[in-house]
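Mind having a look at this structure? Questions to follow.
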Amino acid sequence: MVFTVACGGGGDDDGSNEPATSDGAATTDGSSAPSEEGEPVVGGTLRVGLEADVDGLNPTASALSVSGLTMAQAVFDPLFTFAADGTVVPYLAESMTPSADFTEWTLKLRAGVTFHDGTPFTVDAVIKQFEITRNDPLVGLAVRPYYPETDAVAKIDDLTMVFKPLEPSQYFPSALTAQLGYIASPTWLDALAADPTLEQQPVGTGPFQFDSRTEDSVTKFVRNEAWWGTDLVGPVYLDAIEFYPVPDADTRTELLLNGDLDIIHTTDTNQFETYREDTSLTLDISEDGEEYFLMINTAKAPFDDVRVRQALALATDRQGYYDLFNAGEGQLANQMFTPDSPYYNPDVTQEGNDPEGAAALVAEYCGENPVAEDGSALCTDGKVNMEYQWSGPSVLATRIADFYNENWSSLFNVTFDEKSQADHIQEAALGLYNVVGWRQFGAENPGDDRVWLECRNIGGISLNWPRYCSEERDALIKEIANPANPDERTGLLQQLVQNIHDSYAYIFMTHSSWAVVHTDKVHGQCDRIAPEGSPIVCSTNGRMYFHSTWLS
Amino acid sequence: MNTTTVPETEPFIETVGLKTHFRTPRGIARAVDGVTIQIRRGQSLGVVGESGSGKTVLSRSIMGLLPRNGVIREGSVRYRGEEIGNRTPKEMRSVWGREMAMIFQDPMTSLNPVMKVGKQVTESLRLHLGMNAAEASEVAEKIFRDVRIPEPSRRLNQYPHELSGGMRQRVMIAIAMACGPNMLFADEPTTALDVTVQAQILELLSEQIHDRNMSMLLVTHNLGVVAGYTDEIAVMYGGKVVERAPTKVLFDNVKMPYTEALLQSIPRLNQPSHSRLAMIPGRPPDLVNPPGGCRFAPRCAYARDLCRNEEPPLTIAETPDHTFACHFPVGSPEYLERKVEISRRAGSTGGDN
Amino acid sequence: MRYYVQRVALAILLLLAVSMLTFGALNVLGDPLFNILGPVAGDVNNPDSVKMIELAKREFSLDRPLPVRYAIWLSDFVRGDFGVTFSSTGQPPVSGVISERLPRTVTLVAMAQFFAILVSIPWALITASRAGKISDRISTLNAFFLVAMPNFALAVILKFVFSIKLGWMPLTFVADDPLSSRLFQMILPALTIGLPVAAVYQRLLRTDIITTLQQDFILLARTKGLSRTRILLVHALRPSLFSFITVVGLNTGALIGGSIVSETVFRIPGIGSTLVESVLRNDFPVVLAIVMIVASAFVIINLLVDFAYTLIDPRVRR
Amino acid sequence: MNTPNTNSGAETEVARKKLGFGFWLCVSWLGAMVFIALFTPLLPLKSPTANFLDPSQGRPPYSPSWKHWFGTDKDARDVFARTMHGARISLTVGFSAITAGFLVGGTIGVMSGYFRSWIDRVSSFVFVVLLSFPSLVLAILLTSLIERSLLTVSLVLGLLSIAPVGRLARAATLQYSEREFVLAARQIGAKDRHIIVKEILPNVAIPMSSLALLGMAVAVVAEGGLAFLGLSVEKGITWGGLIQLGSDASKTLEKAPWISFFPILMLFLTVLSLNFAGDRLRTFFDVKEMTL
């Protein structure tokens, strides 16, 4: 659940911001089957290159980006996780069973697990974390809207508890596969209240435990000898992991090639070719995770008028964008689903490349000489006045801005607004923008993308970034979540896709590609299995896991 | 070209028709314009003239210190019968310091301000005589004693600015004497010093000359200076030698009105040491386009048309070693006639200076 | 002695002014809260957020009036505590950031200065002794070229030629490499800064040496029969160094400016690149600290320059 | 004693005589640049922002060709057109910066040089303060705090040139306000304003003007530096920006050096010309070294 998300310092991704979702999706090119890489070797230190550093590693408060989640997943274990086949399977939890009407979920925890600091892992930990998270102004936004003010959770016994969300949902557990599912030591959480700097020294139950950390330099975790998972999912081979934040994609690649790093992640499609050429490298791309799109603030003139939003879409040269910035990787997006997804709606295509159509709409709109609340004209000499905002400075982001400007400038007076990343996200969250480039909808389980879509997520800080509220949409989402009609799910999701499209709040550009690359020293990256035995993906939208990793 | 005085012994150093011209934006400046002089071993010659008469250029071109380009040289310079006029600075290095040395006018600017005076003496010792540091400074100390520098050992380690003007000039002399050269060029060695010290320095100089049986060319604008310390005197004007005679002879029997003027302008101790040339009216000749005829004519009280039109030849006076270049020398009837007129005019105006 | 005291006093006065200026500018013109709180900072309707805002304001003492904050900051600063970075945790402390990165920049600037001097002195000596000759005119032209090449452009060219085409030099600076290889990685960045400066130095020193060569004492040295080389090195060089040293001193500032560019191009995490990053993150404590350090360095070096005179010119000794 | 101890005396004589061929070469280059800067929109150039995608050539950047003399950048934009447009901002900023600097700095300098007293003391101190930042540091500081338009960036750079220019103006004024004609004018009780305008300005202006070119060179470079760091005029095409675009990733620099090298060439030649011409002028007017 993240805003101040990394986007690699803006440098190497497509310059959009990228609110990492609390859930990861993953279908992968690389196989998830245990590989024939020979006998695993114990020992060694893995050096990981990340696209950014994080403020802290506190699941209840920190803004965890891909990098953050990667680090967190080494010290914390999620309650549940996605198996390679997309089903949600227990991990740190033992089971989760809904009541008949799906209004109550009973969580059973794994017995005999202890945190790195020796605190026993019990329901109290989970409840404490739930409450702290919910009260956090930021991270809480993903929780607050979905639970009643009081007794949202109840303790049965040390290992059993109940969640009572406001509405029935058939996929509740998938919400516990990432940040919200990372359980931290209650002792540590208490200590945090007194000394926030402890955020830098996370205490969880994970395969690795905190050793040392220098912000923006290196964070070191060492093997947790007493890891509960050893007998269930196999031993931890690595002695230690060192995370190095290297915001610049080129440098990151160079360091990997120099052998100064063992494994990195990146969204810089321009480099994929290089990786493929180098036989000593293994490349793992997750393609239909998040979508990159232009997000339009529908609460602010002139884009409160659907015609203007439509015009912007028509004026945009999506193909040109793909040719220039995707380097033949990934694919153009029409909607939040890829064609091979069961929920893909073939009737919904994202319009674009239609300057005439756009011109007509703009002419019509400006013909009415609209004015803003403050009386300022929204059109100047037949063009709509707008602002395109991005976080910078980033060469790529600026190139993209120039590209859009070239697309739009005949119909729109585009003002560029390069903001420091921080301000950029703030203005997006507070609805102070016209148009921004964005990335989300990465949820493996589309049901979990509701946090971006519903009216209830509009507020002072809004996760429904376009601030587009539609009763009909909310109803749909409710239905989708509703266990009563599992078989209608596909149809409903396709309607949702249609609804999202018709709102013209998003101009879908591409399905963004995440690559995880490692040298031939690194093995077992894809050998992870869940406690009940099903294999787990190698990586999730650039998020990496290391308990099965070993070095030759 | 004129070689009336034939020396009985081979001259130690001599120039024949030496010319040194500079290319300047305004044109060619004839700083030295055909000078012929000789100095015998152990003898000293005083070259006298106002500033701009070319005397300094003369001394420097004899020693070969002038830059190569921008300069036109003619005539020859012979040192111990050997032609050195056409040698390159590189070739001269063995001669400089070892055979010839020079003393400059202003010891303040001529001594390296950021180098201990001791080192400035020893470096040539080490270069030419191949001494090591210890020996060199020993010798240097001795030389300092010779030139009467008190507590020499301490002085060696001082910087020029820590010494008095007189001391500095003594250091200069010490530097010059260091490698025991045979030929010394002294360019206005006392001008920058106050009158009281001047005598001491000159004493010291001549004494050193005699002790070491050196030859010296002493350049000065002050006839008084050379009077007691040189065997011969050459008076220069506008790049030419206009009168030449043994010191005694010259003082007894001046021929050239210019020399006469210089004589009258010898400073008296009560006079400030710079106002003197004010007494010769007019300015030194322009070396780029000098006046026709006698170059002194424009300023000469006794000049006549002949002087302005025809350059006077170098003529021999009563004694064979006395030569001068003037149409109407001192004592000639025309000279006297004009003198009378002048004094009368002065009388009539009732003024007399 | 009194002279020294005055100079030092002036220097301190200067630094005070500089710090006030910077501190004022940064605090008046930017809202640091966001760096600490994220979007919450702007979410003034939500009581929880407001609570957090208040807390943060107190923690970073943003609720106090500007002069007070300045006083607090100053007293900490002189005690070597540069405050905390404006991040959610205030970690790492600014002094931490600085102490980690300053050494790199210092090394870089030192190397640059070293190269510049190493190149310029012989260059000046040779050209001065050949003043007016073809070789001299050519070198003057080269000097012009170097000076006209902005350091960021030069950086790109050097990188292209030596790192990419020839592959002699590494492309990236790796903070965790052994010292030796890090120094090696710093050569190009240092040249980037040093070369143009070398040209400036050469032009200056050349003129001064030529002037010196016209002094009487050089003529005297010649009459001693010393070789051209010895005259140049022993007699002409030292007295010509005064303005050279001043300029070398004054230029250190320019070098630091250059290191900003150089560090960015060659991706060296020194205070130069940090300054740029922090400025964009509105991480004012860091910016402030760096500006102050740079300015102090600047002022102090100028002091040292004055004092350095006494070393080379015995006449100034009092 | 009119003996030149080395020939360099003669050499400077010659230098002072004429400005020389090099000077006029530089001036004509600058002329060309100014022309381009003024008339870019009217010139028959490709659009600097259009993306000339050409599937037959595969993915951009395309190497220099008849179609694209300087090649194209990663976004298939014509480097030649962009470089020409780059001249515009770079020169405008450079020029207006130094103009601002001269107006303000010059005025302050002359005032403090003429009136001395507290004006002098205050301004001198302010100058010292301004000069105790490395100029780039100050520039970054200021530009990061403002909306970066053509105007503001020019102003910032102008501000930077105030101190050095001011110091020079002051020095020159001091020198002249001691001269007889000024003293005389004061004797006969002429108005200060009159003296400054009639007596001092003309004398100070000449040497200063010969330094304007050098100053402009500095300003152009400074602007380039800012642009290179992404801190110059937003949305503007500037040489610094172009260079950065082509060198940001070493891969780009390796595969398509032309993207940054042509702008570098233009910038280099321009700065060179400014320096050279300025330097010639300075020797011509015989003004002493200035350090901006």
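Note that the chains take the letters A, B, C and D in the order they are written out, and that residue 1 is the start of every chain.
The criterion applied here is as follows: a residue touches a chain if its C-beta (ideal position, glycine included) is under 8 Å from a C-beta of that chain, and two chains touch if they have at least 3 such contacts.
What you see is a predicted model; the values in this text were computed from it and never measured.
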Q.
Using the contact definition given at the top, which chains are in touch with both chain A and chain D?
A. C
Q.
Over the chains that touch one another, what is the least number of steps taking chain A to chain B?
A. 2
Q: Write down the chain pair with more C-beta contact pairs when C-D is set against A-C.
A: C-D
Q) By CA centroid distance, what chain is farthest from chain C? A) B
**Q.** Chain closest to the middle [Cα centroid of all protein chains]
**A.** C
Q: State, to the nearest whole Å, the distance from the C-alpha centre of chain C to the C-alpha centre of chain D.
A: 22
(Q) Taking the mean of the CA coordinates per chain, how far is chain A from chain C in Å? (A) 42
Q) Roughly how many whole angstrom separate the Cα centroids of chain B and chain C? A) 56
Q) Taking each residue of chain C in turn, which ones touch at least two of the other chains? A) 171, 219, 280
Q: At least two other chains touched by the same residue of chain D: list those residues.
A: 5-7, 229, 244, 250
Q) Where does chain B touch two or more other chains at once, residue-wise? A) none
Q | Interface residues, chain D side, partner chain C - complex | A | 5-9, 11, 125, 128-129, 132-137, 140-142, 144-145, 217, 221, 224-225, 228-229, 240, 243-244, 246-247, 250, 253-254, 257, 260-261, 264, 267-268, 271-272, 275-276, 279, 289, 291
Q.
Help me check something: in the complex, which residues belonging to chain A touch chain C?
A. 3-4, 55-56, 62-63, 135-138, 140, 196-197, 199-200, 214-218, 248, 251, 254-255, 258, 260, 392-393, 420-423, 425-427, 429-430, 432, 459-461
Q: Mind listing the chain C positions that touch chain D in their complex?
A: 14-15, 17-18, 21-22, 25-26, 29-30, 131-132, 144-145, 147-153, 156-157, 159-160, 163-164, 171, 204, 210, 213-214, 218-219, 247, 250, 253-254, 256-258, 260-261, 264-265, 275-276, 279-280, 287, 291, 294-295, 298-299
Q.
Going by the contact rule set out above, which residues of chain A touch chain D in the complex?
A. 249-250, 254, 270-271, 274, 320, 323-324, 327-328, 392-393, 395, 398-399, 402-403, 405-406, 409, 416, 418
Q: Could you please specify the touching residues of chain C with respect to chain A in the complex?
A: 34-35, 38-46, 48-49, 52, 87-92, 100, 171-172, 174-176, 267, 280-282
